[in-house]
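Both complexes shown next keep subunit A, but they swap its partner, so subunit B is in the first and subunit C is in the second.
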Partner chain A sequence: MAVSADTVQQVASLAEQKYKYGFFTDIDHVQAPKGLSEDIVRFISAKKGEPEWLLEWRLRAYRHWLEMKEPDWARVDFPKIDYQDLYYYSAPKSKDDGPKSLDEVDPELLKTYEKLGIPLSEQEVLAGVRNVAIDAVFDSVSVATTFKARLEKEGVIFGSFSDAVKNHPELVRKYLGSVVPPTDNYFAALNSAVFSDGSFAYIPKGVRCPMELSTYFRINAAQTGQFERTLIIAEEGAYVSYLEGCTAPMRDENQLHAAVVELVALDDAEIKYSTVQNWYPGDADGVGGIYNFVTKRGACRGRNSKISWTQVETGSAITWKYPSCILQGDNSVGEFYSIAITNNMQQADTGTKMIHLGRNTRSRIISKGISAGRAQNTYRGLVRMGPKAEKARNHTVCDSLLIGDRCGAHTVPYIESQNASARVEHEATTSKVSEDQLFYCRQRGIDEEDALSLIVNGFCKEVLQQLPMEFAVEAQKLVGISLEGSVG
Partner chain B sequence: MTNRPEGLRARYLAAFPKTLDALPGAELGWLRSLRESALARFADLDLPEPRVEDWKYTNLRPLKASDLAVPANDSASADAPSGLPRFGDGARLVFVNGRLDAAASSPALPAGARLLSLGAALAETPDLLESDLGRLVPWQGEGVLALNTAFMRDGYVLAIDPGVEIETPIEIVFHGGAASHAAWHVRNVIRLGEGARATVIESHVGAPDAAYFSNPVTEIFAGPSSALRHYRIQDESIKAQHLAHVAAELAEKADMESFVLTLGAALSRNEIRVAIEGHHVECKLNGIYLQRGTQHSDNTTVIDHKVGDGRADEVYKGVLDDRASGVFQGRFIVREDAQKTDANQQSRAILLSPKARADAKPELEIFADDVKCSHGATIGELDEEPLFYLRARGIDTDTARALLVEAFLRDAIEKITCEPVREAFGKRVEDWIRAEKEGS
Partner chain C sequence: MLQIKDLHVTVDGKEILKGLSLDIGDGEVHAIMGPNGSGKSTLSYVLAGREGYEVTGGTVRYRDQDLFTLNAEERAREGVFLAFQYPVEIPGVPTATFLKTAVNAVRRHRGEAELDAMDFLKFVRARAKELEIGDDMIKRFLNVGFSGGEKKRAEILQMALLEPTLMVLDETDSGLDIDALRIVSEGINRMRGPDRSTLMITHYQRLLNYVVPDHVHVMAGGRIVRSGGKELALELEEKGYADIASAA
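Right after this comes the complex of A and B.
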């Protein structure tokens, strides 16, 4: 009713233009041989000069992975992945010599990030433009980290995962795999075996991180999987806000991205983790695009700790992602704010798990799913109240919006309570953009596309306002762009 | 225990060849092959494990490992005891241990309506059942249903001709007698012609402490503009296992109201699957489950909107005490083009004891855009504030809690549109709450 039949054509014509990050940077790179074996795991580990224990850790994960089966319970449909037909390591050549500072970074790379709207120069901050430290990850390696010195002054460690292994092995060893064990699931095991780089952040006791930390992930090389590993530790009373962004070139092939993110919050610590995921979603016919199979989990280990996930998921051909909180510490808080937009042939199966173990733990879930074109969008979530979760609370709101009559929106919440004093409340709705709202906007001279963007932004407002300001502006635009062409 | 060779599946497989000839309709080729295919599926599937998604929260391992006897071949049925539930003076069939007790039954209905046992129906009018028996039940994919389809015996067949309205509620009683360790697999069929109307009340009861496995499966074919009220009270013996499945197909403008009151059984599951095949259908599925001790109750519903303009309404409420556990799984499917569907679901559970547990999985699966679908689920304890308010007015804690539980369940009871049933079920709920109050 709401959407006329030529929607599909409209979408098709626009899909090609709208992904503005689809370019490819021609840069010399070194790759591991194609395929996956113990030798490749050893190759990656050697390439990064890792200590023996980490190699062993990888190999254990790899051997376990060999015995696991790819999960099939998610509502996503894709041809079988040939894990031997991928490159597991790819790095820009210049990295081999190791740039010592930003000045030594390959200008091609700097240009790439410039083009993506992520300038890696530190000057701008002086002009008050941005106050964000950025770790830029290009294919398998971190190419640059800004504001390291400034952060070090506060005792904050922020940089690539590889550097952390070299410089702070005791921290990495203590926390790596402690939230997402290498055997957790198929993709986490794969990641544990072949992860290449990622970001590491450590905020010492009592420190409020002076700026936002950000990682920008870029897949560039063809037929390459990206397996990054992120570990963020907030010690007692620490606070950090972390942002993550991602893009990839437009290609006809599907590329695999299987990341693992682990967060640890000790007593009174807070971690705010925001993602704008804009991997290449494939074209209007579902050709190409990233398979985004990600395991993200935070452990609220300490009393009064807090972990908040905010995600804007607009990209990827397939998304399989459930950022979760394990609420161990008494009075700890977990939050999940999500916007998942699927258009054309995209498929997303995403949600969260809130595992309440401690007393007075609280969680809040707000999920907004928007489905257009022929896309399938599923919210899948778990709220579990353990036997000791006295007076724990959860409130969940899942709203789905359908644009067009050939898409799907699904809600699959699991609610489990083993504590009488715990309270779980869940509500979900599914509806469409109302004719009335559209008409009202049109009547005031707003064209249909803008009207839709306006309405959808309103629908998403509760989540958008959780984002750090700069990201929010970006995300708001993205919401509009992702739905371009979905009204006729 | 689970792996011992004489597990439930092995005993059923061994008994089948001997039983087949004694089952109703043994001379009907189509039925024989249906039973044989179903048995082959059961041999593959066995009873579901919790890793089967639909059975995630209900564990049948104890049942699998139990030493339940397979249904006996003899045709003798035990006599119905006195004091079985009675709601009015309408037609009534009584089944004891899954077999019709003709002496205790009074099946007479006005012209245009028939009530008889499955065995009698297969003997008299097999053609009426051939195309439909087993059609609505997905026995190919699930062990419990495959088992029932292979061994189905007795049960009731209610057929109402187009335009015929039966005012007085029709009563069916399934009684589990003291003969312990038995199992029965009844199959019921309700068929309403265009514009037909009927009310059916099923009572599932048992002798105290009788340990048996009751596995009733019901297929409902509701014709255009027909109206069915299907009420069930499950008050089986506290040692019984009760796995019930209702599959319904609703034609245009059909109206179905279902209510299940779950009180008894050690473990029970009420699964209802409704396929909406015509426009402007109304489907109301409601229920209450009250469990204590180590009881486990599972209410699973699926409403599949295959075409548009349908309305579905669902309210399930549970109260769980001691170490009892309750499950609610409710799924709405809205297919492509099933536009203008309006579906709402509420599931709420109250835990009265620290060891009780509740699980809920409300699901929406939507493929059409012009729809209004929602669900709400809550699990928690009684609100402190009203409790405090009542206490402040001099009402003791137990009375106050009982009042609040009653208030919590009231709106679900009110959903029952048939007055004698509403009163009778309401009374059973009150009894349960009173026992709760006295027990605490």
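Right after this comes the complex of A and C.
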């Protein structure tokens, strides 16, 4: 039996947002003038004191972007974005003088992160709360990075992208745009032109990164886009686990977030990249919220390398995102584990691309899409077996769960195989949270929202298990919170 | 414990219960027998508070309160337990996780401290052992891939953990082999006590040999047509429902 009409009606009446990260921090900030032009690109580059080659790189991307069209193939619907009506750079003023260490970081900023549950004080972390180094990105700039010294001892470079441009230009120049070219797609080109900051991580040969690396992204200023750029390089035999989290204030306007993430894994290297995306999703009627148009791609360049994407996508008004793997090295492995939850008027078109080029390459896709309210949730995935992908294998499982009868779930798999020895398997299911299951839980004393959270967490279990321990518990709670109000 | 007076219930516009009355005292065990479609399962769902069952007349008082003012989870926390005829499967949710969530929800309501993982495990293992339920079953996803017998034993385990005051057992004997029937019956008997009442819904006399009722009722056409002691069950077995229902 499906969820009763009564239950579904409650979706509407209870749809008041419970987004607890919706506050705004009143902090002095410097902004670029509104709008986008070559001058703005130059402004951003100058602000960051970039070398000439990088400015040229940005300008080429910008000129290319002008020739491009916004993609329209995704199953998402939104009014035309006026790219001249946005600010492309916003930074807390205190950053201009540049905090030299954590002690100099504006206390208002530290408070903001504390409120978000992200301790930037190393003592707290050292007290054993978490074994995680954090890079905090506030609007367009990185405001703090913890544990730099400890990581440096191991040869690990972790910090803001801007610092990497200054201190390790040879690495940035070598890898920037090598996985996601500046002309890759409309939003990637836009990002390449105006990206302001982000995280950079480099793990040298044979080093197992001693702690989780994490970046926490926060959009604060109004009418401001966030265009961060993340680059992670794992040299031969290196290992790193990286996690990003995201939140934004509640606003009636839509805000654009167009990030690019590039991962490079050389021989025997492994990168585990986890995302907990909780941008403001807009209100129950679909007013406001973040447009999350993101390009994420990893290159398994070396033999036996491995890249694993895990994402828990609960926020954003619209999510357009396909973390992908290019499996170039022989025996390389790509994984994509995804939970995408859409409630109220949220729309998500998300999935992955697994491009098998090398021999014996393997990929695994597990996607769990959950729709409630009037939301639309699409899995879109491509598995391509190249002509040299001898004995490559892919296994895909796409499960969709519907809550109520006004939401939609869609699965769009693309499979292309140019090698007869390659094997591709695809399984897909769609189910509803049944009235039977909810009643059964309630008959045992569990209230309806806890019951739903239990059922949905069960549905997502295989993916939640992939998250680092510290974050799995938070993600489980988030799964429950994002569905609040979706049953009576 | 439970007083049902002239209860009328409609499902999808069709009247299923047509003036049912039943009085269950503290510590009593009542059995309701009757043919398919007589409304037995409807009665159990109405008592448990399932949506979609419209009460069009009559009253139900449970421990001196109006049962219908409570929603399903409130009734459960107040001690109404329904052992389902067909327990649902919840994939991805380990049985232990589910049990702990339920037990702690009920404990919170009673003003008792929640059990932590260690204490809970001790508690659940002790009760599970009595029902010949091993650790592996508690680790498996709730009811997923359980055999018919395992599902019914799991229902009784939940009942033992939640310590209800009114146990409603809907066809708990169906699909059980003789060993499972013994284990389940012993589980029910262990829970009998002066402050706990039982309502057993069953087709067959078989269960009543193990769990001996104080009162037996025959249900037909949405109401109780005959009541008696435990010997009524034997008479039913001998003569069949048709005679009794038509004689009423």
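We adopt the following convention: the second predicted complex is superposed on the first by the 472 of 488 C-alpha atoms of A that agree within 3 Å, B and C clash if a C-alpha of one lies under 4 Å from a C-alpha of the other, contacts with A are read in each partner's own complex, and residues count from 1 in each chain.
Note that a residue touches a chain if its C-beta (ideal position, glycine included) is under 8 Å from a C-beta of that chain, and two chains touch if they have at least 3 such contacts.
Note that the structure is a prediction, hence the values are computed from the model and not measured.
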Which superposed partner A:G445 touches (first subunit B, second subunit C, both, neither): second
Touching partner for A:K461 - first (subunit B), second (subunit C), both, neither: second
Partner touching more residues of subunit A, whether subunit B or subunit C: B
Touching partner for A:R208 - first (subunit B), second (subunit C), both, neither: neither
Which superposed partner A:K34 touches (first subunit B, second subunit C, both, neither): neither
Partner chain in contact with A:K174 - subunit B first, subunit C second, else both or neither: neither
Which superposed partner A:K432 touches (first subunit B, second subunit C, both, neither): first
Touching partner for A:E416 - first (subunit B), second (subunit C), both, neither: first
Subunit B and subunit C contact sites that coincide on subunit A, given as residue numbers: none
Residue ranges of subunit A touching subunit C (in the complex, touch as defined): 4, 6-7, 434-437, 439-448, 450, 454-455, 457-462
Footprint of subunit A on subunit C - complex, ascending: 48-52, 71-73, 76-77, 81-82, 84, 87-88, 90-93, 97-98, 101-102, 105-106, 109, 141, 158, 162
Subunit B - residues contacting subunit A, complex: 53, 336-337, 339, 349, 351-354, 356-381
In the complex with subunit B, residue positions of subunit A that touch it: 1-3, 73, 385, 387, 400, 402-432
